[in-house]
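Labels run A, B, C, D and E following the written order; every chain starts at residue 1.
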Amino acid sequence: MEQELKPELQKRMVKGPDGVEFEVEPLRDYYCEALPTVQHGAYFKIVEDFFNWARAQSLWILGFGTGCGAIEMRPLMTPRFDAYRYGIQWRPTPRQANLLVISGYLSVKTLKRAIRAYEQMQSPKYVVGLGSCTINGGMYWDSYNTIKRLDDYMPVDLYIVGCMPRPEALLAGFEDLKKLIRAGKAEGANQYAEKFDWYKSNQKRVIHDWDMPDYNW
Amino acid sequence: MVSALHIITAALAAAFLLGLLKEQQRGLAYGITLLTLALMSWISAGWLWTFASTGTAAVEIFTAGTEPPFAINLRIGLAEAALTLLINLVGLLSALALKDTLLALGRRAMAVWLVAVMALSGIVLTRDLFNLFVFFELTVIASAGLVLLSEHAKNDGQALAAGFKYLIVSQFISAFLLIGIIFAYHATGTLNIDDMAAAAPLLGGGAAQAFALAFFLIFIAVVAELKPFPANGWALDIYESAHPAFSALFSAATGAAALFAVDKLLLIGGDAWLPMATGIGIVTFVAANLLALPQTNDRRLLGYSSIAQTGLILAVLGQRDILGEHTLYIAGGLLLSHAIAKAGLYWLSGLIAERGLEAWAALRGQPLLIFAFVSFISMLSGLPPFPGFYAKWELIHLLAGEGRIVLLGLILFGALLEAGYLFRWFGYIMKREAPTEVVDNVAHKFGAVFATLAALAAAWALSLVWGELAGLQFDRFNMLLALPLLFALAFLLLDWLPVWVKNSLAIAGLLAWFYLTYTEYDPLRMIFAVIFLIGGSLTLLASYHEHGRRIGFYPSAMLMFAGLAMLIRATDSFDFFVAWELLTVGSYFLILRGKHSEPHALSYILFSLGGAFLILAGFALATQGAPYFDLAALADLVQPLAPWVFLLLAIGFMTKTAAIGLHIWLPGAHAEAETDVSPMVSGILLKAGLYGLIVLLLTMGRQDFYGVELINAMLWIGALTALIGNLLAIFQEDAKRLLAYSSIGQMGYAMFGLALMNHLGWLMALMFVINHYVYKSMLFLSVGGVAKRTGTRQMYRMGGLITLMPLSFIATLIGIIAVSGVPPLSGFGGRWIFYNAILTAEARLPMILIFLAGPIAFLYLFRLIYTIFLGQLKDEFRRVKEAPFWIVLPQMIYVAILLVVAVVPGLVLRHVDAYLNHFFPNGGLIWEGTTITSQFGYWNPVAIMIIVGVIFMTLFAWLLFVNRRAQKVKQFNIVFSAERPFRPETTHFAWNFFAPYRKALGFLTLPLVTLFWSTMTDLLHTAGDLARRFYTGNGQTYAFHLLAFVVIVYLFGMGVRP
Amino acid sequence: MISLAQMAMAAGFVLILIGFYGALTQRNLLRMIVAFSLANTGVHIVLVAVGHMRGRTAPILDAAVPVADALTRVIDPVPQALVLTAIVIGLGVTALMLAYALKLHARKHTLDIAKMTELKW
Amino acid sequence: MSFDWMKIPYALLTVFIVFNYGLLLGAFIQKIGARAGRRYGIPVWQNYVDLIKNYGQRTSITHGVMFYLGPVFRLTGGIGLLLFVPTIYGSYMFSNLSFAGDLILALYFVFFGTLGMALGAGESGHPHAAIGITRGLSQVSVAELPFALAVFAVALQYQTLSVTDIVAAQQGGVLNWTLFTNPLAVAAAMLAFLGSMMRPPFDVVIAPQEIPIGPPTEYHSAYLALMQTNRAIFPVAKMVIYMNLFFGGATSWPEFAVKVFLLYLFSAFVGVCFPRFRVEQSIRWFLIWAVPLGVQAILWV
Amino acid sequence: MIKRAIALLLTLAVGALFASLLVGYVPDSELNHTARYYAERTAEDIGAANIVTAIIVTYRGLDTLGEVTVLFISAAIVGLVLAQGRVLNNAPNNAPRQTRAPVSELLSTGSRVLTPLILLLGVYVFVNGHLTPGGGFQGGAIVASGMLLLLLADPLKQFSHRLIAVLESLSGLLFVGIGVLGVLLAGGFLDNRLLPIGTLGELFSAGVIPVIYSLIGLKVGAEFSSMLASLSETNHTENSEET
């Protein structure tokens, strides 16, 4: 059930200033079509371990809030919890973030944005699912409009359970994530590249108005 | 030698002979008419040749075998011969142009034509007062009849009405004339002009009083024939409704004859009547030009112009007391210029089907006719090399020498008005939509075309003659024969060649001229010579990209370059001014070539001419009567005069550098010019103004004007210009306009530097001269190339062109780094010298302004490069190619120059620095190895270049290494708050780029100056428009005007006379 | 004492002024032409009057005025000659004006000068 | 003129010291800011970790050549600025490469990085980057004005443009500092300093959510790391100029450390106390409060 | 009203100017030097009894030539003006012109009798111009008045334009020719001594003056006639055009 593209993405004939007409195909001309590849770490393990340590100590969370969990993220910045002291901070742009927190149920519409944001992050990058909704749909398990299992759509490194989990739980979860990273077990980005077709087909199954390239660089 | 009398007898005989022919033998009649006119012309030409070549005295022709004063006598001298030749030739050529009409109307019309021409010659020749009256009446009657020639084609009764109005007025005139003549006769007992002139001063008491009154009547009657303001509505109606070929005669010949009659009368009246002539003349000149402004009918406009010119010449005749023996040269120059130009224009008007000024766009596609038009309006505006220029030059000098400043000012003001409407008209021709009804078949209008071309030839011949005369008078070389000018004019003849040939010739010419003259320049002039000549040829490289013939480009461009070349070689005021005018005119034509440049070219030429007039006035004031002076002598001027001269010259030069307040012409002119013209007018031409300022400041230096140090005023102006120019630049959407405003700012810096009047200030100004040439030429070229490829100059419509036009991008990048003065490129040298320079200056407040101006430059420069080359590429430009090779090539050369100058600024600056030591011995720079040291600081361009280069390359290499696997992405691969951009147009942030700045400082960019000037022009225009309603078209009202004129002149003139 | 010449001259001037006034106020072309004729006549009278000398006769040398006496007997002949020319020229102009008026009337069906103002400003 | 090659390792040493000092200083100041908000704040080594992490990122993208060059320009500007000014007065070792030019060079070289960064960000094609740049340029063009005036006043005061000479003139006691000999100039310059530090109230340029951090919005990985490096060096280099011009310079590294720290602290204090200005507000603020001070300074020298 | 007031004001101002001329006028008691020359020398040099004629034809002959030319071009222009809009070569003019009532017998006969007499008087006047008050212009006017009489009597009367034109041109041409002959053969343009001066007071005296004056007479007569003819003809055609 291929949906027709939005007008701005459709192929069109454009006349150049010299009067010659040519075709513009936005999805091809505006977007990079390359697909992600598996990225290997540094050649020396010690270097990679060092980097992994640094990655763990410097978690930059993308400021992207979905569902009810977004409200639980805020207290982490406050004096009471002060996540900064653990090397955790928020970045406004996915380019600079390396941790995507899906903070609750994810409607299909938001999923598309989440995928885009995730793909625009640079690897290595990590995904943390917050609350039961990201695990199995939670109370929205039969909703027509939310996804049930985040893992089908992007490689989740860690789930933090609860509905919703408290900030303390989040801090604990991040500490666990750090351990995973230091251990070199948080290779979600490579997993995503390896099983790209599978992820894509899952994504496209729920997202009917797919109006972006397969991989958003 | 055939007696001049036969001019009259031949015409009469032929006129009577025509009556013997059958009505049907029209061809024969026409042939006789032409032959007779040719014979008349030949007679006058013979006399003219005799007088001109042998210099013999005037010849008297007696009639009735009796000596004057008892019988009528005629006289032919140099002036008479010239005037009769003019009249007869105009008659002949007009008859040619009238061929259809004359053939249709038959022998009677031809007879009237012959009589009209004869009567005009009679007015010139006769020395008898009453005979003068008879010839005047003949002229009047013949003219009234000839007005109807147009009735033949149009048949709408307008000409009839005009003729009737003329007759009404002429009735009044002839009544005054007759009464005047008879009472003058009664008082002096003679009718002979010379006899009366001899007798009049001897009269005493009541007789003198009575004679004065009688003479007043004669004088006012003859002056009324000159169509003085306001008693001239009838004449305008005639000009509008008559056949253009007749109008040519009416304007050129009748005007000339009547003026000569006034001249004769003034011989009788003596000096006491001169002020009255001047007053009437100058009022007419200014008023008619003012009234001409709102005209839309071409022939009426020309009519106003004719009236104005006649007024000017009348005013000149009125200045005979101070002009002395120069009167003939001046008045003759003006008169012949006016006559030939006006006749030519009227003949041209015969080729145009409709009467609106815009309809003249039909001339487009007829280069020769356009050249004729240009020559004519240049002649009327008194531009070199035409006789009017010499005349104006001498006139203004003599007036200034005598301190008649008000008159001088009025003449220049009127001339500016006139130039205004003439050049506006030219703009219409070049730029307006050509009417569907194009010029009639040129072959069909052979007569008019031939006449026009004859006038064109006469115009140039006259300029040669006047140049020669000027040569004799001031002992100098004929300006028209100056090599650069001839070279430029030669391109008129070569215009049929393809572009690449002409371009090669032009470049070769510039280089050759540089080679010929380079030994003459001191280092200061050398800089300008290199920029004007070498730089000019570099810029010309870009012109290779044009194909076809590019008619008109090369004559204009080379005219400008000729002016520039002559400017730097000029050592006296005359040469300097000539060069100045030439480069102004040449650049005007260049600018006008742009697609939408009509209004901007107009404001350019108006500001430039205004400035030129100020310069002229300044020179004239400075010489105190001498025809010209060595520019170096400016230094010898002393207090009461010097500041005025300084002020006039400085303002004049600052119109060219577009100082604030006088800058509004620049953005449009530079932005709308063609791709390769913009760098010429911006990179090269602007320097002419700076050169002028340099010459001025070198000689005159500091001047105190009522307690104001003028240099300080200039400092303020420079700073304000820099600030406002830069500020305005950041708000431009049009790339070339942005660059143009940036030029204003840069010129502000240079002016500021000059006004500092110290060693480093000048060095900085010269550095700016060089740098501005290089980077502004480069930027204009690259932006022009982009505009050429994309078809727009609106920056917000471009974007992301970096990958498509990488070379243009590089040029722009280097350019903006250089402009902004960021190390390590050459712009920094300028800034460094600048800061050192202002440390020594006393005036600190203007510095603050210029400080503010500095960082603002970054704003517009970034905007320029970002909105064009970076950001989002638009759909329609996805296939745009790099700018043409020939546009890119000079840019790359400029890039190379910039880099070289950045590393070794000493290449040029050292010599200038050393040269400046002559003028400012203190505060020079010390050149030691690669380090340049000033009184305050030091600077090592080579070291900077190396350090920055090494750091830069190291980091670049490191980043490349780290990012060796970076994925190249496309334009929409940007983070967009987890969304995707809609379209490139909506994603490219470019329009109203500096919105917050506008909120904070936008009030500084209110178009106050534009508002001021447009209010001024609107006021003038409205004044003209309201005042012209005074010509109601009712013949009776015109009679009122005439009587009122007589009464008012009587009250004013006779009231104050002793 | 006011001489004949002065009286004639005064009359001539008055005629001129009447003519002028008429030309300025009458809107009918024909009336204007008449006014001008009046003024012309006035001019001619003034012309002749200027040449008048008390007690002298016309400048014709015949039995009444022998050549020898001419100097003391005749009046100034020049104004007489001039007035002839003036008359003829005036006549020519008048004829011309009449013809114009005729044609204008034919074209515009009016003789009102205020209605012939297509050309203006 | 022979070149003393030892200058190169000395210069590298300066860069190294300043780099580390800058990283630590940045963290420290952030900590102080956090404490003002009653937080604990980041660890002092956090900046090192972030830097290493960014260099260690595995992927990166590029928008084009200028995108590459942006950070390079930026860091070249920072290092160059540092090196063109003598860091420690009287020390041959740390006079750096100041032989290449004087104060003017330093002042203009500030813009080298700014301009290059703006170009790089521009190439990314991100509208928010462009918006950030317009804000930054608008603000800096006015914020630099009082500084330029103050510098000029100082140059006039000491009749030299050489930084070394200016520092030399301030030796011999605290009262010889420009701070006391020309307080107006210092006041103007310090207000300008606030504007150039990208801290509140003048940080709308990088408004984190509205235009996600403005110009660097597309930068990541090693690009960002390069910029972070610059972030450590550049403010210090700038403060070195301030220190040299107005506060007597530094004759030793400890003195240097203290003075720079205090200067930084000044802007941090103001930053934590005041909310954000819009760009036009800050332009007006500078014109109304800072510029007149600078004008006075120049007029009364 | 305002217009009249202004007109009055202007007229009065001009009147004031004239008044000052009038007040300043002092009649001559003696001939001025120009007039004296004419009075003394005319008889001897020119041989014309009528000094005014001598002045007109000889001393100021150029004026007179101009005068004649004025009439000539006036006539030409009148012809041109009135001919416009009219069909050229006025040949087919028979049908519509017969609409008027025929001329009365009395008028036509009377005019036919008077006209030759008037013509004769005219010729007399211009032939004797150098002797008596009178001359070419006066004579010419009388001749033309004869024509006017004919026209008044029979408004539909047709003159031969051709004849008038030839007469006019020929006399003008001869006038100029004589003038030029004066340059060649005598003292200057229009010098009357081309022919012997003869005895003062006789018909054949004063050189070419009688010849010129006769030519002038013919020419003036022809010109006036042509003007009259043009004016009268136009009226018909224009009227018929209008209806």
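A few points about this structure:
The definition used in the following text is that contacts are C-beta pairs under 8 Å (C-beta built on N, C-alpha and C of every residue); 3 or more make two chains touch, one makes a residue touch a chain.
This one's a predicted model, so the numbers in the text were calculated from it and none came from an experiment.
Chains that touch both chain B and chain E: C.
Shared contact partners of chain C and chain D, listed by label, are B.
The chain pair B-C and the chain pair B-D differ in C-beta contact count, and the higher one is B-D. In this assembly, A is the chain whose CA centroid lies farthest from the centroid of chain B. Among the remaining chains, A is positioned farthest from chain C, on the basis of C-alpha centroids. Here B is the chain whose Cα centre lies closest to the centre of all protein Cα atoms. Per-chain Cα centroids separate chain C from chain E by 16 Å.
Centre to centre, using the average C-alpha position, chain A and chain D are separated by 35 Å. Centre to centre, using the average C-alpha position, chain A and chain B are separated by 70 Å. With centres taken as mean Cα positions, chain C sits 111 Å from chain A. The multi-chain contact residues of chain A, meaning those touching 2 or more other chains, are 32, 93, 95, 217. In chain B, the residues that touch at least two other chains are 130, 134, 137, 141, 144-145, 160, 179, 183, 186, 191, 967-969, 971-973, 975, 1040, 1043. Multi-chain contact residues of chain C (touching two or more other chains) are listed as 16, 20, 24, 50, 78, 85, 89, 92-93, 96, 100, 103.
The set of touching chain pairs reads A-B, A-D, B-C, B-D, B-E, C-E, using the touch definition from the header. Across the complex, chain E is touched by residues 3, 5-6, 8-9, 12-13, 15-20, 22-23, 61-66, 69-72, 105-106, 108-109, 111-112, 115, 118-119, 122, 126, 128, 130-131, 134-135, 137-138, 141-142, 144-145, 148, 151-152, 155, 160, 179, 183, 186, 188-191, 206-207, 209-210, 213-214, 217, 1040, 1043-1044, 1046-1047, 1050 of chain B. On the chain C side of its complex with chain E, the touching residues are 3, 5-6, 9-10, 13, 16-17, 20-21, 24-25, 50, 52-54, 58-62, 67, 70-71, 74, 76-78, 80-81, 84-85, 87-89, 91-93, 95-96, 98-100, 102-103, 106, 109. Note for the complex: chain B touches chain A at residues 789-792, 875-880, 967-973, 975, 978-984. Only residues 800, 802-803, 813, 816-817, 820-823, 828, 831-832, 835-836, 838-839, 844-845, 847-848, 851-852, 854-856, 858-859, 862-863, 865-866, 870-872, 928-931, 934, 936-940, 943-944, 947-948, 951-952, 955-956, 959-960, 962-963, 965-969, 971-977, 987-990, 993-997, 999-1001 of chain B touch chain D when the two sit together in their complex.
Here chain A touches chain B in the complex through residues 8, 12, 14-18, 20, 22, 24, 26, 29-32, 34, 64, 93-95, 113-114, 116-117, 120, 211-212, 216-217, going by the rule given at the top.
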